[in-house]
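A, B, C and D are the chain letters, set down in written order, and residue numbers restart from 1 in every chain.
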Amino acid sequence: MNTTYRVLIKSKDEKGLVYKISKLFSDMELNIISNSEFVDKAHSLFFMRSEVSGDAIEQKLLRDKLISLLPDGADIKIVDTSVRKRVVILVTKEIHCLGDILMRHVEDELNADIIEVIGNYDVLEDTVSKFSIPFTTISHENLNREQHSSLILQRLEKLDFDYIVLAKYMRILPPSFVSQHRDKIINIHHSFLPAFIGANPYKQAFDRGVKIIGATAHFVTDDLDEGPIIEQGVTHIDHTYGWRDMQRAGRDVEKIVLSKALKLVIEDRVFIYNNRTVIF
Amino acid sequence: MNTTYRVLIKSKDEKGLVYKISKLFSDMELNIISNSEFVDKAHSLFFMRSEVSGDAIEQKLLRDKLISLLPDGADIKIVDTSVRKRVVILVTKEIHCLGDILMRHVEDELNADIIEVIGNYDVLEDTVSKFSIPFTTISHENLNREQHSSLILQRLEKLDFDYIVLAKYMRILPPSFVSQHRDKIINIHHSFLPAFIGANPYKQAFDRGVKIIGATAHFVTDDLDEGPIIEQGVTHIDHTYGWRDMQRAGRDVEKIVLSKALKLVIEDRVFIYNNRTVIF
Amino acid sequence: MNTTYRVLIKSKDEKGLVYKISKLFSDMELNIISNSEFVDKAHSLFFMRSEVSGDAIEQKLLRDKLISLLPDGADIKIVDTSVRKRVVILVTKEIHCLGDILMRHVEDELNADIIEVIGNYDVLEDTVSKFSIPFTTISHENLNREQHSSLILQRLEKLDFDYIVLAKYMRILPPSFVSQHRDKIINIHHSFLPAFIGANPYKQAFDRGVKIIGATAHFVTDDLDEGPIIEQGVTHIDHTYGWRDMQRAGRDVEKIVLSKALKLVIEDRVFIYNNRTVIF
Amino acid sequence: MNTTYRVLIKSKDEKGLVYKISKLFSDMELNIISNSEFVDKAHSLFFMRSEVSGDAIEQKLLRDKLISLLPDGADIKIVDTSVRKRVVILVTKEIHCLGDILMRHVEDELNADIIEVIGNYDVLEDTVSKFSIPFTTISHENLNREQHSSLILQRLEKLDFDYIVLAKYMRILPPSFVSQHRDKIINIHHSFLPAFIGANPYKQAFDRGVKIIGATAHFVTDDLDEGPIIEQGVTHIDHTYGWRDMQRAGRDVEKIVLSKALKLVIEDRVFIYNNRTVIF
């Protein structure tokens, strides 16, 4: 039976890596469908993403062989493309990013399962239910940040998921939350990072009189809005835009940028290092 | 003889302004070629730019009549379109923004005269001379900021100019300079404001791992890089761009954005207020 | 009671129109909120869109007064902004454009009512029903184009609507249909017009090896894909995109472009003339 | 002495190519600096561009070894990066594309030599001479297309060049010319291909009422404006743009797109096949 695997390698760079890795694929009778490499020379780091197909293999065997030929400390990820990723979405009240993902879900464009939506309000429950996706409301009322976050963590523990998408989830996740799901949380920031960090960036952008606004999808780290950037988009505006018009124009950018970023992540195209991303 | 005028009005908003102004044009037998209006409701401000044509008029008369019908404190600017604007360019060592303006000058696309280029180095003198434009070197060596700036001011006093363009002029102008030429100095900022203010924004952008870089043309105020924005542009980049690649890609955005902004200003399309611009 | 009206005027150009119209507004105690004008000099045509507010007026009176002061043959449209536009959507099988509109509908971003969705397949009925919007299937099976079209026309006659949106409706409407709903039908063309007219433009674009693809929202006329353009958008692609990848990337452009165009039309910002649009 | 080579391979695809090629590099002690691969599955074609460095090698030896390990009919190109490409530019009267290249030449951004500019008018001679680049006028007056073309061919024969850039050269080159310099002629088309082929595309675009205009850089083939596309760009316009405004706005796109394409070609990043390009 023919299976397709994605093999992702991040390691110290050294001479002959492509040769060694492609030899291994050849030896294991895996055919390379696509291959992308990048070397960060400043840090002497090697990145490779290969799609290979062949008879179903023992992933452990492939991993062990890769470990033995790669420099010490290499990160190796082997993904069977027939296994669908599982995604949890966190929301507050705004529908545009969630709605965009839901519609792609209906079309099965993302090739992933949305297994649950969690909201700190129940405003979007009605819409989500229409798509036969479970919605859990975990209100933050009368709770401090840690208490609320730990309720969400408890709920997440019961779910088997690969990624958490913050689709306009308007609360800050505490370090305890972020550290438990490192490199798994994708956020859409309603601004063109690093501009206008913090509350109401559209009001800030209006005050600054900008002619372009944007949005940034990034992984969440402890540094608010400062995690590795996956995708960015912009749109032009002019002096006739009040900050609410900017917000509305921004929504179109936000939803497309978040969905693009999600797709890149689901297809295992994104490497994270030094608070940056390599995207194949 | 038929003459075309641009009439720019900024005033407190009140009912009937368009009617009163257009009645005046009609009474003075000035035909409206184009008309743009904008009201900033939050600040109750009225902006209007009209192109009108008719027999040569006494500009003082038109101005007086406008003053009498507009709310107190109105700003009025009347421009005879047959009079070419005069532009001085300040440079340091980089050629791309200057070169783009020079080539447009050769084509007479800007409908303005470049009367002099001033550099704090003589690196670009050779190129500028080829275009029969005077080049003056005013070195900053062994001078403090104020001393150097005052030498430039002395040179500028001898020139009759409308606008100063900082075409990658890499020194900060002191408040004494800026206040003397308020709303007349156009800068290109090598970044997508308000991001990465300060030195080497491309290095900062690289470290932040951005996927889009940009440039901002703005009027210069005492707040470094914080003056009213005229035009912005962006370009997409990816992980393969080192900061020098970003800088090179940025140059293409910088030169186009600066030239567009200069054109808008020369055509009297830009109003400044509250550190923002209205652009017709 | 304060009411806001949009007054849209298209007429032969002549001296003093702005003055006459603004005088009328002033005489009728209508305050101008915003005003946009454009003169097509080549055709000597005058376009004006004013938002005015004041006590509720007799629209007929305003219209009669405008007729009396404007050149013969002027088009005048007066719109009470408190009356919501009513929209019918035609679809086939693809969900992305419809879904984008539905989500904006949930947010009430469009300030219009979607009163019915008509499909020549029932594929999307399920999704539409979730939003409590009627869905009517009018199959084209065993019918020729005229027969099918006349069934849709019969259904439309029972609906009171302002605009018909073809949200990836994949059948050609016959002239009889188009002529009955002139300037009311908005289509999204899955290509960057005028390129790649006809079937499977993404396949054509792939064969041509383009590096940019786009989408065009336009009014429908008898000339297939040749009606007045309202809005266009593009996205960059590269050699790794097969035509299905291009199609998928194109969907993101299509939905945003169609929704933007719909919004412009609903806000009465679009004038049509000479197979072109003026958009304020 | 360390030398950097670019190795470009286009061949029938087969299992193990990356392995075989990277093994050869390894055997020859060439270090891979960067590596890009692409497989066109529909046509079973393999493309690879490697930058390798090592001691100066016998290029013939590397080529022979590659031939022996690659499928029959493979195209192999080995480039010593220390050898500068030589470029001839053909112009008519417009300066913007030429000027953009000249300014990059001054900055040595292109890493290539402009060895001559040939014009069918002498309009641009003056500007070119300022940059100490030879200008040859070959007038087309009183000559038919073949006669004029053969004069240019005669001039080109005396020059040792790698690429010919048509920087707004407004005459059609006959098949005899094109076939002699296959895959070496780069043109900028003043339109967003495949739209508006032929004369005055800006007039055509105006008549069509488009909201976006663009430009396309492509290799020249016998099919007018139909050669493999290298790079495209666009800019937004609106109803206030007459066709001359569109032309002027288009110039900014044209020059940036042409210069980007030229840079890609000079860096050996462009493969041509099936009237398409693969760009690494």
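To be clear about the criterion, a residue touches a chain if its C-beta (ideal position, glycine included) is under 8 Å from a C-beta of that chain, and two chains touch if they have at least 3 such contacts.
Predicted model, so just to flag it, every value in this text is computed and none were measured.
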Most remote chain, CA-based centroid, reference being chain B: A
Interface numbering overlap (same over half, different under half) for chain B and chain C: same
Whole-Å gap between the CA centroids of chain A and chain C: 36
Where chain A and chain B are represented by their mean Cα positions, the distance between them in whole Å: 41
Residues of chain B whose C-beta touches two or more other chains: 38
Chain D-facing residues of chain C, complex: 38, 42, 192-196, 207-212, 214, 228-234, 238-240, 242, 274-279
List of chain A residues in touch with chain D within their complex: 15-16, 18-19, 22-23, 25-26, 31-39, 41, 236
Chain C contact footprint on chain A (complex, rising order): 94-96, 99-100, 102-104, 106-107, 109, 127, 130-131, 248, 252, 256, 259-260
